[in-house]
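Chains here go by letter, A, B, C and D, matching the order in which they are written, and residues are numbered from 1 within each.
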């Protein structure tokens, strides 16, 4: 028997007012691209302070769209928050400019790392500290170099020639330069070797534990994410279909089947499963 | 209930005209164009002629820039070569006008092989600058080759007579332009829906991927240049006949820019866009003139000698505002209207 | 063949219709008004000549209107801008004829533009007096309804070169021209005299329209050792050349041509522009005739318009004068046929700013008398020399 | 040799003007990814404003220079704010087209505000001829070459060492990621437009000093754009050098081949160079993602 987890977030009716301890909250968000394509439909997600929240789902589920909305760069792709709100420390922030969001402590490490390839590592970090004063930036740089000694060794090299793992470290380090309260990571494990992924996840854990940072983690690699996260949401075609503590999600049969790659006996065919899932969604 | 276009076969997808209403409207439009020369005065008719001639050129550029994504800043070079080819063959060597038109297509097409060659290596604006350079070099060659082109003196061109039909009158000449415009439209529409046209678009959208898919980039890029130059050259010949006088002066560099403006204002990569863009850009000065004449008396009193420049400024302003509110061009506007119509009252 | 006949007869019929209409009452004329149309470059750099010419037309028209109009009819002046683009000139002329129903036309843009509108004008049959760009093509062969006031570039340059050649015998010559029809005409005129007088030409340059830097050209001129130099530029080009010569420290005898003979040029050339020879068929503004012209204009124009006056205002004024007097001579009911006939009979029409103007049977070109003038930097003006 | 030197110096002088305007193109391209087709027109406007200041306020060279720079900054900022910023996020083609519309307006404003007559900019400096042997150079020509070199060095240092300069490079490389780092793209764009307007404006003022002001001056843009391409669209310093190269080529071609070849020589050289380096002499080859 699969455990049925109720997902009030995906119901049409707005649910109860948020608990104040939530650092970031998406409330009944609907996002439309190009005036024509609905990418996110009525999604509500809460990120409590000091924890790691994982956003899981397959390609095209809308995870990155949510992050872009949070960072205020949706407009660069003709996307618009049609309804709903995003609040940060109980303040509406979804109409703020990206640099204002960074100043408030929200920063995102983009998918595919996106280091500035022609800039040196030092210059890349300098860009991360763009909103900071020179003295603040110097302090932050020390912290980052302490976290990633490798970056210090290669600080005068051009970022484009580094390996994928090093680039990911640089991307995270660059984001840390902004002195964030909330760090959002978009697919940090994408295209990296397992050993490197271990190293990255170690750092993420240290950020939470030692620096008390809140982390919003977007992953396709559900196994990794649920290992480290406190809470998780599963997105499918622009809606939240499941949410719960990381432990509960990891134990969920559907999640195991579709996201963790654990096979279960008794399932007849893919169609059965789909049908089942769809029914569950309507009922919940 | 109608639920948008639903195509079941590939054939349906590539048919030129897929619905009876479009057939009907096309017929109405053609009929209107046939009647027009007999109803309009020669001033209004001159706009119709210019529109038809420009449509041919815009469609030519559309193949290169719209379909294949190769930006040309020197299309006036093909226009002027076409005009000179026609003028030299027909006015200087007394050849048959049809041979003249053939030459007006073939000569620029040959020239385009030379210009197209850099396109095999260059991209974007780097290619655009070589086409620009080409148009300047062509002008110099024409001016230098006095024995052939009369140099800066230019060549007078008569309206042609083909198979006993004289195209001397404005109405008759309009029909000739109409004929060429319709031919050019069908030609480009057919190219677009052919294998070649799909290859062009693939090159535009991602040439590396296109190459991986097995599209011979060199051959198709050159082919795009050749067809584009051929059609543009025909437009040049018609333009030369319209001007009755072919000279380098009559084909200023700004025509290249205007041609790009037509495509962008119309909607890049669409034959319909090229047509709509032409109509807008050709009529815009006239429209601004009309707006201007409403206030003309006061303005003349206010600014006297500088007043005329206001008209040009208005023209520039309209282009800016248009792109601000309709960046995808007239075709984009057209699709929005259609979508609103089909989906109403829903938004999507 | 049948179709051809049909078209031909249609054309004939319409021609008949047109002439028939002309006999009754021509367009552009009411009991109180008579419309005169004009197409000029009024925007962009060529506005320098287009605006000036239209101002000349305005002066003559205002003068006539102040005197009660043409036999009681006030002249309405319709002016269109072509931006110096040939296609727009054609459209402008069509608009003035078809929409504004002009009775007659003046001016008409540059040489290339006027040549291109000839078929339109001829077909319409509207009486036209051209003044801006007198080129041979406009009167050879003579067209029934098109008259040209002025002098050809070719004759002008011949006159200038002859003068300079007589004054500077045995010297070495240099010439630079623009690579357009204007430049070629200048070159042709020059070559005529070179052949006749066996001049020793040591430098012959040719620049692209729009060129702004003449350092290499003038350096070549210097190297060639030319002592008499014909600067075939228009305005900015001549200024750049003079400044370059100053830099290179040479001072040949310099001749310029009337399109560039506008007074502000002298100021820009600085002392280097002193003593230039120029040829023209209108009076210099510094002379008594020129001063009288400015005096007359002052009463009829706004301040801004006064600033736009240059030699093209004089040619424009003269052409308008000729046209107005021809219409006037037609009496109470002027027609195109009569106006054209009267234009042909133009004899010794005085404008005060150029020699009396004459046309004749089959003569559509007024062939104005030329004069040589020399620039004077201290007064920034051109003065006649004889 | 003297003949050659004289050609070379004249070529450098006009080339420096092309180079300054070309750098204007490159600055905007580098930070916004746009080609500003109104560059020549903006240059012209700045030169006309400088002339107006010299005739109405004071002919003092410093007052004119400062006034012109302020005017150029304001012009650049106003254009960015009023015309370009609303186009943010729209297709590049449409945005570039907007600059063409802008060019039409600016070009017309010359005859509207001023007139079609040529004017000379007289600031009591630049006209004097210095003679070295038989070679004559105007002080203005020396000044423009020096200015170009100084600006090249200053811009190099700016992009290399200043935070804002590095940010401009970052925005050019990946504007979305730059946004995520809190770099305000709009501010960087505004800065780029102002800087481009000033750099090109300096070129325009020097042109007015050495030659004259006329409504045809916008054509300088048409000469400088190829210089930008030659140097590399995204290479600001390369564009400056590209301008010098075109100026020299034109003059040598005009001096040795024939005057008719002058204007064409530059274009021929561009084609040849692009055949060898398809992204300009100093431009960066973009790495294609497959």
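Everything that follows uses one rule, which is that a residue touches a chain if its C-beta (ideal position, glycine included) is under 8 Å from a C-beta of that chain, and two chains touch if they have at least 3 such contacts.
None of the values given here were measured: they were computed from a predicted structure.
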- Item | Most distant chain from chain D by Cα centroid | A
- Select, from A-D and B-C, the pair of chains that is joined by more C-beta pairs in contact. B-C
- Query: Between chain A and chain D, what is the separation of their C-alpha centroids in Å?
  - Reply: 44
- Between the Cα centroids of chain B and chain C the separation in whole angstrom comes to 35
- Hey, how far is the Cα centre of chain A from the one of chain C, in Å? 75
- Task: Calculate how many whole Å lie between the centre of chain A and the centre of chain B, each centre taken as the average of the chain's C-alpha atoms.
- Result: 49
- Note on the structure: Residues in chain D with touches to at least two other chains are numbered 107-108, 111, 115, 260, 263-264
- Which residues belonging to chain C are in contact with no fewer than two other chains? 43, 47, 51, 179, 208, 307-308
- Note on the structure: Contacts with two or more other chains occur in chain B at residues 140, 143, 303, 305-306, 308-309, 312
- Task: Mind listing the chain D positions that touch chain C in their complex?
- Result: 3, 6-7, 10-11, 13-14, 107-108, 111, 115-120, 127, 129, 131, 134, 136-138, 207, 211-212, 214-216, 219-220, 247, 250-255, 258-260, 262-264
- Item | chain C contact footprint on chain B (complex, rising order) | 41-44, 46-47, 50, 140, 143, 151-154, 156, 161, 164-166, 168-169, 172, 239, 242-245, 247-250, 252, 285, 303-306, 308-309, 311-312
- Item | Contact footprint of chain D on chain A as seen in their complex | 71-73, 75-76, 78, 97-99, 101-103, 107-108, 110, 114, 116-119, 123, 126-128, 130-131, 174-175, 177-178
- Note on the structure: Per the touch rule above, chain C residues touching chain B in the complex are 1, 3-4, 7-8, 10-11, 42-43, 47, 51, 55, 81, 83, 85-88, 90-91, 94-95, 97-99, 112, 115-116, 118-119, 179-181, 183-184, 208, 302, 304-305, 307-308
- Note on the structure: Listed in rising order, the residues of chain C that touch chain D in the complex are 43-48, 51, 176, 179, 205-208, 210-213, 215-217, 219-220, 223, 235-236, 239-240, 243, 246-249, 262, 264-265, 267-268, 270, 307-308
